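Okay, got some structures for you below.
Note that subunit A is present in both complexes that follow, paired respectively with subunit B and with subunit C.
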Partner chain A sequence: MTSIATITTPARPRKLVGAGRRQWIGLLYVAPAVALVVVFFIIPLCMTAWMSLHNWPLMGVHRFIGLDNYWAILRDTRFWNALRFTGYYTVIVTIAIFAVAFPLALFIERPRPLTGFYRTSFFMPAVIGFASASLLWSWLLNVDAGLFSPAAFELGLTEKKVNLLATFQPAFWSIIAMVVWKVAGFTMIILMTGLQSIPPDLQEAAMIDGAGPFARFRAITLPLMRRTLALALILSVAGSVLAFDQFYIILRGGPRNQTLTAVYWIFNQSFVSFKLGYGAALSMVLLVILVALSLIQLRLLRQPEGVD
Partner chain B sequence: MKTMIAGLAFAASIIGSLAIVGPAAAAETANIWVRADGSNFMPRIVDAFNKGHENQIKLDIIPNAEIIPKYGAAAAGGTAPDALSLDLIYTPSFAAAGQLEDITDWAKSLPYFASLSPAHVKTGTYKDRIYGLPFSADSSVLIWNKKLFKQAGLDPEKGPTNWAEIEAAAEKVNALGGDIKGFYFSGNCGGCNIFTFTPLIWASGGDILTEDGSKATLDSPQLRGAIDLYRSMVKKDLVPAGAQTDTGSNFFAAFAAGNIGISPSGAFAIGALNTQYPDIDYGVTFLPGKDGGWSSFAGGDNFVVTKGTTKVAVVKEFLDFAYSLEGQTILAKYGSLPVRGDIANEALKDLDPRYKVAAEAMAKGRTPYSVVFNDLINSANGPWNQMVNEVFFGEDVDGAISNAQETMQSIIDSAPQQ
Partner chain C sequence: MAQAMSRKSRIGTQIAEHATGIVASLLFLAPIVWTVLSAFKPAQEARKPPLPPWPTTGFSVENYATLNTFGDGLWLPMQNSIYVSVMTVVLSVIVGVLAGYGFSRFRFPLKNLLFVVILSTIMIPFQSILTPIFLVLTKIGLHNTLTGLVCVYVTLQLPFSIFMMRNAFDAVPREIEEAARMDGANNVTMLLRVMLPLVWPGIVTIALFAFLGAWNEFLAALVLMTDQSKFTLPIMMTALQSGRFGAIDWGAVQAGVTVMMVPCLVLFLLLQRFYIRGLMAGAVK
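On to the complex of A and B.
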């Protein structure tokens, strides 16, 4: 950077005019992106914030009620329960995704026979939408017409067909399995690019110094993957905190409303109870929580001082 | 945006003036929405109307789950249809929101007003004014598989007439073994169970809500009794395991597959079975009470008019046509029961005789009245659905009932008063 600056110094007076113009051209280039962000993010966000200050039914007149919706959230135990469940789900599913994606990334990182095939097949589920994947799995998990229960029964593993979705634990872990199947491939690709950006000579040097595979992983691979890990972690956490489709389509929040996530609750308040204003207030609260979580993760995974 | 609206207004004024210059009265077109449940009969009635009338109807069919939010959004944006055929249980909450046109005077001027389906008119009435009139109708009934009854040594022509007979017949059919099961219901579906389970309670003299919907009354011996019937059948393994988590997607399909002895269902099943599963030989009877008697949930759609529409005259003309013998016959032929009691028999006379049972059930059918019906009953996460799932399959029946009673009452009490 500095060397380029010194080279350009002599030409400065003439370039100043050009730089001004170039800034305008630059603005012009980013204008479409800015317009998109403004129209599809900033304006809706402001509208949501505005709606959250109203009693805003789906039909009929809305009226300004100040912060009443937010006071109501403080007493809304079902929202906090949903949030607690969302937190629990996020922790479990993130650990599960990384526990599967990291070994897969290590496995497919180096060229070996059939690497292309493995990469493709691990990544494949990631290109399906969450809704279609949920529909597929709700069939697979169906006790009468599905795959898992009848197969286990036919193979003699269970005495009778077990309804996996009827009680909390099997239902919850079925969802975890489905999400891991769906998302791990994507996380794997991100982690793989991180692995590939580590210079091989570092690993070789460590090997010559006599470091074992575990020591190399801990002292070289992990620290050099900080940024990649941060990216994968933030994507996974944000995706899990906003989980909705799979719980809505496969479980309908059941069994007995034990798998209602925060977004599910917002959906219910807005489109089942028709309280759009309250739903907007809940969305704002969730947004604040999500931003805070992401900031904490960025801070934790920031490059330590002195490391480039 | 502004220029576009101005442009449209300009274009409209030109068209308007052309129409005035043009010959005779200008034909008007009113826009009507219907939920997907009506996609069989509604287009046919609209076609018949459009052929014989100067004024026209433009019909949009909206997916069941979408129609409420979509209508709400359209109403907020000023693009709501002139009228819509609305699931009747929503009429009170729509009327309470001030979204509907008061059609009391017109309704009462109809010569056949007194013979319109009473359940529809009751839910269409809010604070003594009428906002909705019956359009299509569906009543809940009990259906049984005659072939399986015969195989099990039961009289295939005689359906169960009380709870003990339901259970005994289900047990016999179940004993055939294999994939055959005695009884089916959707155990995780609030809408299905208000439709088919509450009539068992009503027929025995109980209820789950007071007449005006202001109190939940779940703590009754009749509800307990009906729960015990279902629990006993679940315990004896007469019900397929999938019933526990069926959110309604198998409500009709389970019986239609031919392996179920008895299932509570609706009038809609008659048309659907006849056209899609002609091989199934089935009977239709009433949903009985504990010791006989019967009741039914009167469901279907109310026809409501959006407040402030300029096409009221066209909409009324259309509804008049739908209430004619021709309209009622089209309705009956394509999957809905007639809604005019005085000509129901005439409209049904060439159709499957099993419709008669459903029509009779409709005439005496009941509909719970509540401005928060969606929250209480239909929501997959509402107190009613949570309760039915727990009491049919769970351990703590008393806890589930008292929990639901409390939650329902608190939802009723905190409903918006307008």
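On to the complex of A and C.
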């Protein structure tokens, strides 16, 4: 401290200047983080916008083409199909996750023997990665070496081994099952934090007033959990809109390219066809959708609890 | 009489509840247990449907040996994965602690703006900026290197790391710092000797999330690591499962999935309360 104080101009009060200098050191502490975010996030973000205005092959020169990439997107029916499929998947999988996670959260929220074991078991699939889970299920779903088709056949449920991944419906619902298995525990924990924040005396008071469990759930639990529900909902929606791993690893976008998601289509355009400029324009569209979703989330979260 | 009846029915409800709980737990655990057990079957048996899941013709590590014969073997991608995950943990902790301390304890120009900008990167999907990240890495000579991948992972973890660490430092009473400063501690000793022991639960939490994030990440590794010798486990296993190395050996897939899952499961079981803490912090705020 003394060394700093001695080199400051004597006109100013010593203590203030010393303290001011010391505060500036804060910039040094945050500098590495800022540098990383600038180099690996802000610059790439700006580059995405810039590249989307170019014809940008992997090799050779890129050329400014204005909004042509965006006009091309308007006519790109396969992208819109991918977007439509992503939306369909998001709605279905989110409903399925909540349908499983909410009962689980109610189940583990009440203290009873073995609750810790149940909670840990339900949560275990959530800590393994999407890639591991997808590889695991691609084996379970395999027609010859897997579990489901041979088991159904052995039990006499099907006349022959059915290839679950060959047609859209069974393939799609297999993915839904896998994602629910993988994600429900995560959503359950989020919902549990919301349940635990409800004061128990509210429930007791309602019980004394003669409210049944269903009425209590509707009148107390749901309204008081609005913020948590909004958070769980947005995490599930954002995660599903960006789905890639499971469709790439288990289905390779098939059967007949019917399960190409938005990120998968961008991946194909950018890193298989190497149309980097076009991929960037597609990314901008996805980005706008995601930011819009996030802003809706912020609005939902900001409203005071329990007030409409 | 009525009391006895109600107690009986309560026991009945309890049995029903626990039956539900156990069945549901088994459903969630089954795929994991199934894979870990099946991986120990001899190669011949591992190719058949896993009924029953446990080895019936003797335990064997043949599948792990087979896995080691594909591409560059099992050890190289495993080393890559370990290197990337450990480095991501180390750098996330260093950068996160420094920035958390800076944002919590100092006032400097642009402080709030920088904090908001770093946190709001969480709203923007990294999937949409992968191409430019690829070009930036090429530009700075980190193209196709594990170090480049680490930089990307650390950046992706930053919003969470900084948010957690700032809250951890905010929770330390200022009196402790002032007392230490009276004793002549400078900024560095203050951080290392006085603050770190008080914020270590936060550090464990961000380290855990950084490890799981890096160990499990798929898309960025798939796009950025084009050289087979730089593949991480998920990329190498997907290449194997897609038939890139010839006929798909499902026994080797089971072994590989086990190798990928076990570190996550062990770390989670050991550090469960830190994991839940991190989730809660994210959910409450």
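Here is the rule we go by: the second predicted complex is superposed on the first by the 253 of 308 C-alpha atoms of A that agree within 3 Å, B and C clash if a C-alpha of one lies under 4 Å from a C-alpha of the other, contacts with A are read in each partner's own complex, and residues count from 1 in each chain.
As a convention for this text, a residue touches a chain if its C-beta (ideal position, glycine included) is under 8 Å from a C-beta of that chain, and two chains touch if they have at least 3 such contacts.
Fair warning: this is a prediction, and the values are worked out from it, not measured in the lab.
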Query raised in the report: So, A:59: does it touch subunit B (first), subunit C (second), both, or neither?
Result: first
**Report entry** First (subunit B), second (subunit C), both or neither touched by A:268
**Finding:** first
**Report entry** Comparing the two partners subunit B and subunit C, which touches a greater set of residues in subunit A
**Finding:** C
Query - First, second, both or neither for A:33, with subunit B first and subunit C second - result: second
Query raised in the report: If you stack the two complexes on chain A, which partner ends up touching A:170: first (subunit B), second (subunit C), both, or neither?
Result: neither
Report task. Mind working out whether A:190 is in touch with subunit B, subunit C, both or neither, as first, second, both or neither? Result -> second
Report task. Identify the partner contact of A:253: answer first if only subunit B is touched, second if only subunit C is, both if each is, neither if none is. Result -> first
Query raised in the report: Between subunit B (first) and subunit C (second), which, if any, makes contact with A:125: first, second, both or neither?
Result: second
Query raised in the report: Which positions of subunit A sit in both the subunit B and the subunit C interface?
Result: 142, 144-145, 252, 271
Query raised in the report: Contact residues on subunit A for subunit B in the complex?
Result: 55, 57-61, 142-145, 160-163, 165-166, 252-257, 260, 264, 268, 271-274
Query - Residue numbers on subunit B that touch subunit A, as the complex places them - result: 68-69, 71-73, 75-76, 93-94, 97-99, 188, 240-242, 244-245, 247, 372, 374-375, 378-382, 386, 389-390, 393-394, 416, 418
Query raised in the report: Residues of subunit A touching subunit C in their complex?
Result: 22-30, 32-34, 36-37, 39-45, 47-48, 51, 104, 107, 112, 114, 117-118, 120-125, 127-132, 135-140, 142, 144-147, 150-151, 154, 181, 185-186, 189-190, 193-194, 228, 231, 238, 242, 244-245, 248-249, 252, 263, 266-267, 270-271, 276, 279-280, 283-284, 286-287, 290-291, 294
Query - subunit A-facing residues of subunit C, complex - result: 14, 17-18, 20-21, 24-25, 27-29, 31-32, 34-35, 46-51, 94-96, 98-99, 101-103, 105-109, 111, 114, 117-118, 121, 123-133, 135-136, 140, 151-152, 154-155, 158, 162, 187, 212, 215-219, 223, 234, 237-238, 241-242, 250, 253-254, 256-257, 260-261, 264-265, 267-269, 272, 275-276, 279-280, 283-284
